[in-house]
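Mind looking over this structure? Questions follow.
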Amino acid sequence: MTTRLDEFESYRARMNLRVAEIDHIGIKRFYSLDSGAYHDGALSGKTKELLGLVASMVLRCNDCIDYHILQCVKAGYSDKELYDAFNVALVVGGSIVIPHLRHAVESLDLARAKTE
Amino acid sequence: MTTRLDEFESYRARMNLRVAEIDHIGIKRFYSLDSGAYHDGALSGKTKELLGLVASMVLRCNDCIDYHILQCVKAGYSDKELYDAFNVALVVGGSIVIPHLRHAVESLDLARAKTE
Amino acid sequence: MTTRLDEFESYRARMNLRVAEIDHIGIKRFYSLDSGAYHDGALSGKTKELLGLVASMVLRCNDCIDYHILQCVKAGYSDKELYDAFNVALVVGGSIVIPHLRHAVESLDLARAKTE
Amino acid sequence: MTTRLDEFESYRARMNLRVAEIDHIGIKRFYSLDSGAYHDGALSGKTKELLGLVASMVLRCNDCIDYHILQCVKAGYSDKELYDAFNVALVVGGSIVIPHLRHAVESLDLARAKTE
Amino acid sequence: MTTRLDEFESYRARMNLRVAEIDHIGIKRFYSLDSGAYHDGALSGKTKELLGLVASMVLRCNDCIDYHILQCVKAGYSDKELYDAFNVALVVGGSIVIPHLRHAVESLDLARAKTE
Amino acid sequence: MTTRLDEFESYRARMNLRVAEIDHIGIKRFYSLDSGAYHDGALSGKTKELLGLVASMVLRCNDCIDYHILQCVKAGYSDKELYDAFNVALVVGGSIVIPHLRHAVESLDLARAKTE
């Protein structure tokens, strides 16, 4: 069964390829800077993915949440750890984050179902 | 010498006392929920402080940044680790975060100077 | 006929049940604080729903708008009163609110059609 | 004694005069639309001031908060009513609103001291 | 073939007609102020459309992006010029803008396909 | 006489030097990407400065506004052109932008006074 998370992943992959065709050095460098920000450094890549997830939740971007949920699952976070991160985002960002919390919980369930 | 970080801390302490005088159960519970969000749980309190710092930077709140910088210094983060977190915030939030990056770097320097 | 407002309500109900299964005291308390914020107090619950609606519009969250539209209709606001609140949100938040104004007007029409 | 609220009022008055010198029909019309949004209509001007206050708090604009606090005090709101509105803003907007809650409480205290 | 851009245009047109039926002088004046903001003045209407596009991207509003993409195509901007504007939005707004960049690139491709 | 614009410029210069001492490749690359975004390309650097100014106004960042006002003055924009750009920002961003409009008008006056 194709879920909305699968659809997001294929749309994202397809459009990132389209963006990569654009001959603009600034856009290309931004993409490279973005992926570099989550590599191991003084902080582990795993920790940085969690930072990216909470930033995405307080800024209320569902596509960014889905991407970082998938990365956090790959990085080995447990549900309990991710719920704890969701809670920080909820308290910092307030009830306006609740629709994105519902989205994040559903995305996490879908991501777990994929990997079972 | 009294720095702007000292002034922030004393203003914050004084006004939190003033807010605590307000007889409103919702506001009191929010404060309690807020401090609870950074206690050890599935994630360590130390990790959650870093989540709070990055959330504050992408939401561009200097007072919140100052509070979390002080907490992160107490929690034992090195400068290199905090710079790595600053970088995640900068890439997620963009150049509009730069004035807050300057503020955060200055606050970190002031916080280190205090504890030396 | 099932409208997008009905779909929102059933998705919201289903996911709130899913979130309620999560064993996290912070998230549970936040939900309780959130519903408490709209109870009668020094201000009436009815007035607070209108505050919630305008806050949702300026923060540009369609799901939050739909929820508060439904609550405001239940609380007995007339269309003219709600349009007046929409106008405050539009002036405070600017033309970036216009897509959410269109959404709010449509949601209000759907909510009225349900209760006829 | 001149307070920061007095300074804000005199800066605001001086700069609004300066802006009024600008010969731009769009800016002039926006100012007129803005003041019109808080006149009595289907909702009372008093209710709309409270909507403006909560919108300003969740959008985290201290100058806007100060302006609407002064208007709400003139409109006759009690402290208890304003604390109830602060609470809605806090729950909707989250802990990132706390520095603005501190500011709002202080501004309200200063506004009351002026009128005593 | 009907694309999502066509669907947006017909939804927007239909709901703007519905909003126009609302007898509220503030809302009517806001709409008029909004369209006036993009007329030729000290700056050309063409330049202002680009300002509107970048503002929509950093504020992360897909409907606003689609509207301004269509206007910018009508105004005669080349793809290369629009990519350069996308890049400013991306750098100012950060990686949280990336999903909206993907959306904007797709909308531009759809708009070009319509006019061929 | 030293104005707040002079103080901003010297603080900005001093802290950018401090940030430049930080040995973090991501932060260094972001700074380089940021300055590159305003170089001549398919759009002129002059046009891009105006895009940066309007983005800063709708995102409500006074330091960013001051920086771009100075750049726009250097780039040769007239007051009338800048007022027209301010108006786009005001209409897109709403009355919450008004305090930043006052700031921008004052900064522009200070910038003109410097160069006379």
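Letters A, B, C, D, E and F mark the chains in the order given here, with residues in each chain numbered from 1 onward.
Rule of thumb we're sticking to: contacts are C-beta pairs under 8 Å (C-beta built on N, C-alpha and C of every residue); 3 or more make two chains touch, one makes a residue touch a chain.
It should be emphasised that the depicted structure is a prediction, and the values quoted were computed from it without experimental measurement.
These two copies of the sequence, chain A and chain B, are related by a rotation of 180 degrees on CA atoms, to the nearest 5. Listed candidates were A-C, A-B or C-F; the one reproducing the D-F interface, defined as more than half of contact pairs identical by residue number, is A-C.
On a Cα centroid basis, the chain most remote from chain D in this structure is A. If you average the Cα atoms of chain D and of chain E, the two centres end up 31 Å apart. We define each chain's centre as the mean of its Cα atoms; on that basis chain B and chain F are separated by 27 Å. Chain A and chain D have Cα centroids lying 37 Å from one another. Separation between the centroids of chain C and chain D, computed from CA atoms only, is 23 Å.
Shared interface positions of chain F, i.e. residues touching 2 or more other chains, are given as 26, 30, 33-34, 37, 55-56, 58-59, 83-84, 87, 90-93, 95-96. Viewed as a network of touching protein chains, the structure reduces to a complete graph with every chain in contact with every other.
Taken together, the chain D residues at the contact with chain C in this complex read 33-34, 37-38, 41-43, 47-48, 50-52, 54-56, 58-59, 78, 80-81, 83-85, 87-89, 91-93. Taken in their complex, chain D has these residues touching chain B: 60, 83-84, 86-87, 90-91, 95-96, 98-99, 101-102, 105-106, 109. Residues 11-12, 15-16, 18-19, 22, 24, 26-27, 30, 34, 37, 55-56, 59, 61, 63-64 of chain B are the ones touching chain D in the complex.
Residues of chain F touching chain A in their complex: 25-26, 29-30, 33, 36-37. On the side of chain A, the complex with chain D involves touching residues 58, 90-97.
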